[in-house]
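Take this structure, written in structure tokens, and hold onto it; I'll ask about it next.
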Amino acid sequence: MINLAIEVGKTSTPEAVLFWFLAPLAVIAALGMLLSKKAVHSAILLAWIMITLAIFYIAQDAVFLGIVQIVVYTGAVMMLFLFILMLVGVDSADSLKETIPGLRPIAITAAIGFGGLMLSLLGRATLGHGMVGLADANAEGNVPALSQLLFSRYVWPFEVVSALLITAALGAMVLAHNHRLIARPTQRDLSIARFRGESLANAAGLPNPGVYALHNAVDVPALLPDGTASEASVSAMLKARGDVIDSKPFQLIELTDEEGEK
Amino acid sequence: MSNVNWLTTLGILPLLGAVFVAFLPKTNALAAKRAALATTVFVAIAGIAMATQFQRDNVDLQFVESHSWIPTFGINYAVGVDGIALVLILLSVLLAPIVVLAGWNEASGGRWSAKTFYILILILETMMIGVFAATDVFLFYVFFEAMLVPVYFLIGGFGTGKRSAAAVKFLLYSLFGGLLMLASIIALYVISGEQGGHTFDTVTLSHLQISSTTQNFLFLGFFIAFAIKAPLWPFHTWLPDAADAATPGTSVLLLGVLDKVGTFGMIRYCLTLFPDATKTFTPVILVLAVISIIYGAFLAIGQTDFKRLIAFTSISHFGFITMGIFAMTTQGHSGATLYMFNHGFSTAALFLVAGWMASRRGSSKISDFGGLQRVTPVMAWVFFFAGMSSLALPGLSSFVSEFLVLVGTYTRYPVAAIVGTFGIVLAALYILIPIQRSLHGPIMPGNEGLTDLNLREKIAIAPVIAIILVLGFYPSPLLNVINPTVTHNLSVTGHTDPAPSIEKAGK
Amino acid sequence: MTSNYLVYLIALPLFGSALLLLAGRKADKWGHLLGTAMSGGAFVIGLYEFTQMLGRSNEQRAVTQKLFNWISVGSFQVDAGLMLDQLSICFVLLITGVGTLIHIYSIAYMSHDLDRRRFFAFLNLFIAAMLLLVLGDSYLNLYVGWEGVGLASYLLIGFWNQKPTYATAAKKAFVANRVGDMGLSLAIMISFATLGTVSFAGVKEHAGQASTGALTAIGIMLLVAATGKSAQFPLQAWLGDAMAGPTPVSALIHAATMVTAGVYLITRSNFIFDAAPTAQLCVAIIGAITLLFGAVVGTAKDDIKKALAASTMSQIGYMILGAGLGPAGYAFAIMHLLTHGFFKAGMFLGAGSVMHGMDDEVNMRRYGGLGKFMPITFATFGLGYLAIIGVPPFAGFYSKDKIIEVAFNAGGIKGITLGSAALLGAAITAFYMTRVVILTFVGNKRWAEKAHPHESPALMWLPMVLLAVGSVASGFIFTHGNSLKNWLAPVVEQSPVHEGELLKPAVVSVLALVLVILGVGLAVLKYVRKDIPLVAPSDVSIFTRIARRDLLQDDFNEALFMKTGQGITRALVVTDKSIVDGAVRGVARLVRGSGSALRLTQTGFVRSYAMWILVGAIGLVAAIWVVTL
Amino acid sequence: MNAANYLYVSALLFTIGAIGVVVRRNAIVVFMCVELMLNAANLAFVTFARINGNLDGQVMAFFTMVVAACEVVVGLAIIVTIYRSRRSASVDDASLLKR
Amino acid sequence: MSSFTAPVLIYSLLAPILIVLGGAVIGVMIEAFASRKIRPVLQLSVTIGTLVLAFAQVWHIRHQETASAAMGSAVVDGAGVLMQGAILFIAILGVFLIADQENFTVIAAAVPGSEEETQSIQSGEQLTEVYPLTLFAVAGMMLFPVSTDLITLFVALEMLSLPLYLMAGLSRRRRLMSQEAALKYFLLGAFSSAFFLFGAAYLYGYAGTVSLSGIGAAITAANGNTVFLLIGIAFLSVGLLFKIGAVPFHAWTPDVYQGAPTPITAFMAAATKIAAFGALLRIFYVGFENAYWDWRPLITVIAIITMLFGSVVAIAQRDIKRMLAYSSIAHAGFLLAGVLALSKAGLDASIFYLIAYGVATLGAFGVVTLVRDSSGEITDLNRWAGLGKRSPFVATLFATFLLAFAGIPLTSGFIGKFSIFSAAYENGNKSVVIVGVLSSAIAAYFYIRVIVLMFFSDPVEDGTSVIIPSFLTRLSIVTAFAITIFLGLFPAPLLNFISSTAIFIR
């Protein structure tokens, strides 16, 4: 590595070993996250990076943060991400082909330029003092020391952050909550509607999905006796998501037109 | 002097008139016209009354008022007049009623009601008075810029042809100059802060010690703004368009009064605030002025439209005024100031008659007219008279000023004066050619039925003619007011008239 | 000495003019009478002043009247002041006298014109302006009158301006005059810058202190002014066209008075020219050139008025020549001016009378033998003719011979050249004037059948007769005992005259007479016996053709000034639109263009926006990287 | 080992995150890259806390986590809304607003 | 364990923020418990009541200065009080506009164009959550300029941003655009706040403290070199410059301004600018004062680019909201001149400018909400043609706001421009002043273009009309107009008040 200008002090050997083992992994994971086609992979890699960072935190006498990192970030935040990914289609792959002209080269140049400049600059920095270490600050333990700060010096932002949480909740409600304007039709209402409808074709209920002999999942439309796939047999949600599979391959016999006429 | 706040009163009267007009019903155009006329006439009378109170031999600013306006920046509502400003205020208040009366039906072609037209005119009158009366640079700038707005709407709202394009060009061009001046004003403000406290008082500012480089830049900021306003070649191109599009009355105010702010500013601000820079730039400016004289005249000859022609003649005339100013002699300065006044009236006469002709004929193209002298003799003779005034025929007021400018310039810059003198030959051409085409010759088809001036129009133009004539033979009332100020200005900026060469030789 | 009446000389006709113009049609009935009365009134005042003047000693004759302080700025002080001295009184009497006669003549001449009132208004305006010109006590006052007569001349030339050529003629006259005026205003400027004053008295007083260079400049500029007003070379071209005006106008303005203003100016400025020999020489040369020029043009004209106009030009050439000869010549220049005022005005009125009787026909080829039908006109015209060609004892003989004589006596080559030119001019004058008389009054009739030539009414011939009397007698009166010369002496500061240096007066007279006879004889030979074609023959020599085209004066002006001017105008119009305004529009377009171009950076893709942010951040980091090196 | 090495890692992760925002099209991935950037900043905070010997940096990092959590809630809600309207989570598809 | 010293929060001084937060929480409660019918009225009155109360409290504490109102996290000083007051005032006017619920979707969760949405609109319901969200944003904005440590700054930044991200997506019409605006605003906002945070980390690394005065002290002490400091300043600036919309961090502005519901745009454009500039001024004046020579060139360049870019690109716009967005970019450039001034005069000028600009912006966007056809607001400039004929009064108001933006004398904008440029010039920033003046000239062009369009073009008969505004909207616009003119004619009272009050305590 480059000779550091900030000679802030040596760390213990175990920490060094840990660092040299995990740091490259974290960077590689980050690159992987950047380059993987599937969003889920990216999410998993991000989770890994976060865990790595948690370890780094702990190694740097930030035990509390390390734990919080795993619980809040890796545990909660990343789960939220994955949850949403599921919602919007877990399989959907991201084409890595650049569509905005000129962006790719600029991005590569920017990446190299930005990273290079940052590393180079860090190499020049001097602080005027060595690494102090957290031995004194953490004398009574990391958590008590943090809480001391949090509840006295930083109590104001701590209080204010609550407003942020309310905002977030309120925001999620505004965008997601959907109150019913009309009472949800009961089974009885639906039944009456079916029979009083124009056609009695579906009075007995919609067909179930699946071609039972060959494929039996909810994403395959049922085959009607005449061999056509019944659109009504799959959930509208799946259709909307585009996750419906063609049922043609699962037909037992190819029905030609002539045969059908006979 | 009585303790009447003359200038404030004078300035506020048209504004009150505007408010009054605003409360009149929109449909009653006649009431608006009458109210506007009454207001402007009243203001004119008040203006003359004020002028009678003016002490001619007192070189200090008079009718001075000063109230703190924005103390944070040392800005005062400070007004006062010297001889030059008084003359220009008189010009403004005298022209306003004439414009209202002459353009009785001008508002009819507009986008908005006549009421709006007169409100704008009255607001403009307030601003015109304010801009000449202000003795605080900031206040001056406020009026300088704010008066663009009513003019803009007057051109764009009531003009003809490409009125909105012309209005925009006018506004942007003027704003550009104004903003350059703003930069200079800011610099002055900062410099004044460094030298004993922020102020915008013209007199105090003129005592600042400013390095010559800075002076040059600040001078340019002011000068370009004024050169655009005046308009001086090559900053003139907005004027023909604006004059072409505006109604005659608006054009009269635009060329007659507003543009004078430029030349007035050169005297009041460029000269007194930056005497050294003025000396540095004088040769360049004289060249521009001489170019304006000749260039404007040639272009006037080349025009096919009355309004554009008059606009270009004005460019030529403004060249004379600028030349007179930067000659830095008493004759040049007094001549230039008198020229501003006279040009106001001679242009008014030209524009108003051209406007009447155009509104009767439905066109302002010279080629659409012919033989008017036989169809509408009074109108034709008035136009002829206006033309004679424009070419500075001796005996008419413009001659006195033009000659003073030339003679004042000659004593210091003979070459400029000699070249400028060619302008008087070209003036004959640019006036006589259109006169021949439109007034003389056989009656052009389409001109047979034109009606001659009516009584209202005659009443409107009569004072203009009277002033042009009387001042031609007896300019002393104005010169006596102007001279002490001019002498004072030149002496404080360190200019003395060149002595006759025989005296120089004698020494 | 002061007089309180001088102002009324100007005020009366000015009042008449203003009243007639403002009163409108209401004044049609009595307008001409009022105009004439005003002019006559001025004449009476002039006579009164003259008698007063006669009663005083020679040095005390000049009177002044200060009206008010006209322009006063710094050291530039000009009073509205009038001065009547021996020189101006000559003019005053000429102007008001001849002017009144012509007013009277016009009553009849213009009786059928609907705008007669306006005509009289303009005539009065002219009288006023011309009187101001000669009465002003400073160059600037003179200038007012100078341009005033120009204006009146313009208005009167263009009196029938519904005819486009007449309107053009008027404009041409004004513009040419303006060129001259430019000279006058420059002269005033130089005078002020050099001497610190523009009044005649002041300039006269200080002229001695000024450098010759400055005085020469003033002199040349004054000469330019004179050439413009007096139709001298090279600004002579307008005079021929000016005949578009009604004939009384031609008589009054373009023969007797206004065009002689240049002579007045030079004579008035004698103190400058006497101190600036170069300028004075220029004056003489210009005069000599013009007298020949006009004479040559006069030989080729078929239009009676244009022929007379050319003659006027030529005769004024004599005057200018005289004035250019310095102290020896001023008096004779003025004398010729006065005599010319009589005989030329008379001839013009005669020409007007002929036209009056010939339905406004002006082409002499369509006259012939009119003497029988218009005896009075013929007689008065004939007397004028004898005067102009210099037959003793008619007026022209006295004045013209004196000029020729003085020219010869100017000394050296200068004297011989100028004298010879003047002599030659006399011969040509005799030729073309004889031609005019023969073509008009003698020979067989060539006019159309419907024309009924008749004598003009008394109101017209009476002035002609009076002027004819002047043509006969004035020369003798002026020279009798050197009366005019002595009269003018205090004004023009005569130096001792070196008489008889080269040629004795008698020799000159004989020489001139011989040449005149030659000229007359040639004309008689050429025109009396021959049939005169109704249309000017075209198979003539190139010289004739050039002479008919006024020696190419218009072609020259057109090519050099008009075409150039039009070219410059067109070029500047294009320049203004494309370059000056184009630059402005170009900047505007540049800004708009860059706006439209930069607008495209807003692609709508959030990622490219992020890119901007990133690039911005990189920029900042890079800047830091550089500064912390 | 030098404790400052953590800073290099932090800078690298930040860079990668920033580039990720620019090159990835899936709004969720883009948002994850932002989270990576925040984490990188947190690492810097923690490291600086250690170097400077006080816990302010750790407190800051703690706040960052809370704030980030809130941001995630709001952000994902917005992304889901968009997705429901457009049936796409690609940021490139949301380009009605331009020029 | 060492003894815990209880924190001292001076609640009376923090009360303005707390009142607003309290109002917001009440609003949330109302959402939860009040019946739908009375919610709109209730929310509106609670919101306005809260804001007025908070304003009164701000006025009350205006002379009580202390750096330790909240254990060094927030300060109460003249400048802060002024900005809080300004934000509250703008917010009140903004809420008047927001009260016109025509602009907001009834049900944000519904898919655009769905049956559900149609039904909701027909039911006449209103999206009342926008009120508490506004209050949260206001609280964040109030906190932002008074925060004195990086932690509070970051929290406040997020607190003002999150509600705005949400509100940007709530438009009733053109919902896809509105949602897109929300997404763009959010993603870029999060991106930039990451930069902010990263910068904060380096500043902390440099100074060993997160308090601004501590950073200032560290700069004076000058241990080590300035690399960390500069990196910190640079990245922190990215976050802040993003919020004010300086080039090249501006790209969100036009899209979001256009896409967001117009009342929100009005509120956001006016109030966010005050808050962000308030914080920017405090950070640079208090924290980085002694590093002036390091950051001055950077900010100068950005200011120049911003002025020019905003003015030039605005010329090419066809949409009134986008045009105003670019105008706001240009104004951000002018305001940066106030930062560069780094003087008392610069601070005073900036505050005056912010107030003047904020009020005019609010008024201008307020007018935009009025111009509609059957499908909603019309922002296409071409369809504004002839507005002066249709409704001269509204057009006149709008023209006045535009003239104020252009800095024509007798409007507040002129005094603002003069004061800010003179302050910048005083400290030797001549280049900024000259470019500022030039770009003002360019900017004048597009303001005038709109005026031409409104007054000098003939109206197109396409159903464009000006609706009769509700009382509150009218109140808001007319107030803005009156203030714009009043500050142009008689700026002295406000200027005096600012100059006697505005001060940063460290």
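The first chain written gets the first letter, and so on, giving A, B, C, D and E; residue counts start at 1 in each chain.
Operating definition for what follows: a contact is a pair of C-beta atoms (placed from the backbone, for glycine too) under 8 Å apart; a residue touches a chain by one contact, two chains touch by 3 or more.
What you are looking at is a predicted structure, and each value in this text was computed from that prediction instead of being measured.
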Partner chains shared by chain A and chain D (touch criterion as defined above): C, E
Intersection of the contact lists for chain A and chain B: C, E
Identity of the chain that, by mean CA position, is farthest from chain E: C
Chain centroid nearest the full-protein CA centroid: B
Greatest separation from chain B - chain, by CA centre: A
Dominant interface by contact count, named by its two chains: A-D
Separation of chain B from chain C, taking each centre as the mean of its C-alpha atoms, in whole Å: 36
Chain C-chain D separation of Cα centroids, rounded to whole Å: 96
Where chain C and chain E are represented by their mean Cα positions, the distance between them in whole Å: 79
Between chain D and chain E, centroid-to-centroid distance (C-alpha), Å: 25
Where chain C touches two or more other chains, by residue: 588, 599, 602-608, 610-611, 614-615, 617, 621, 624, 628
Residues of chain E whose C-beta touches two or more other chains: 108-109, 151, 155, 158, 162, 165-166, 169, 183-184, 187, 191, 195, 205, 225, 227, 231, 254-255, 445
Per-residue multi-chain contacts in chain A, two or more chains: 100, 103, 107, 110, 114, 118, 121-122, 124, 127, 153-154, 157, 161, 164, 167-168, 171, 174-176
Set of all touching chain pairs, with the criterion as stated earlier: A-C, A-D, A-E, B-C, B-E, C-D, C-E, D-E
Chain C-touching residues of chain D, taken from the complex the two chains share: 18-19, 21-25, 30, 91-92, 94-99
Chain C residues touching chain A - in the complex, by the definition given at the top: 603, 605, 607-608, 611, 614-615, 617-618, 621-622, 624-625, 628
Contacting residues of chain B [partner chain E, same complex]: 68-73, 111-112, 138, 141-146, 148-149, 152-153, 156-157, 163-164, 167-168, 171-172, 175-176, 179-180, 182-183, 185-187, 189-190, 193
Residue numbers on chain E that touch chain B, as the complex places them: 348, 388-389, 392, 403, 406, 408-410, 414-415, 417-419, 421-422, 425-426, 433-434, 437-438, 440-441, 444-445, 448-449, 452, 455-457, 490-492, 495-496, 499
Complex contacts: residues of chain C adjacent to chain B: 21, 68-76, 80, 140, 143-144, 146-148, 151, 158, 161-164, 167-168, 170-171, 174-175, 178-179, 181-182, 185-186, 188-190, 192-197, 206, 209-211, 214, 565, 568-570, 572-573, 576, 580-581, 583-584, 588
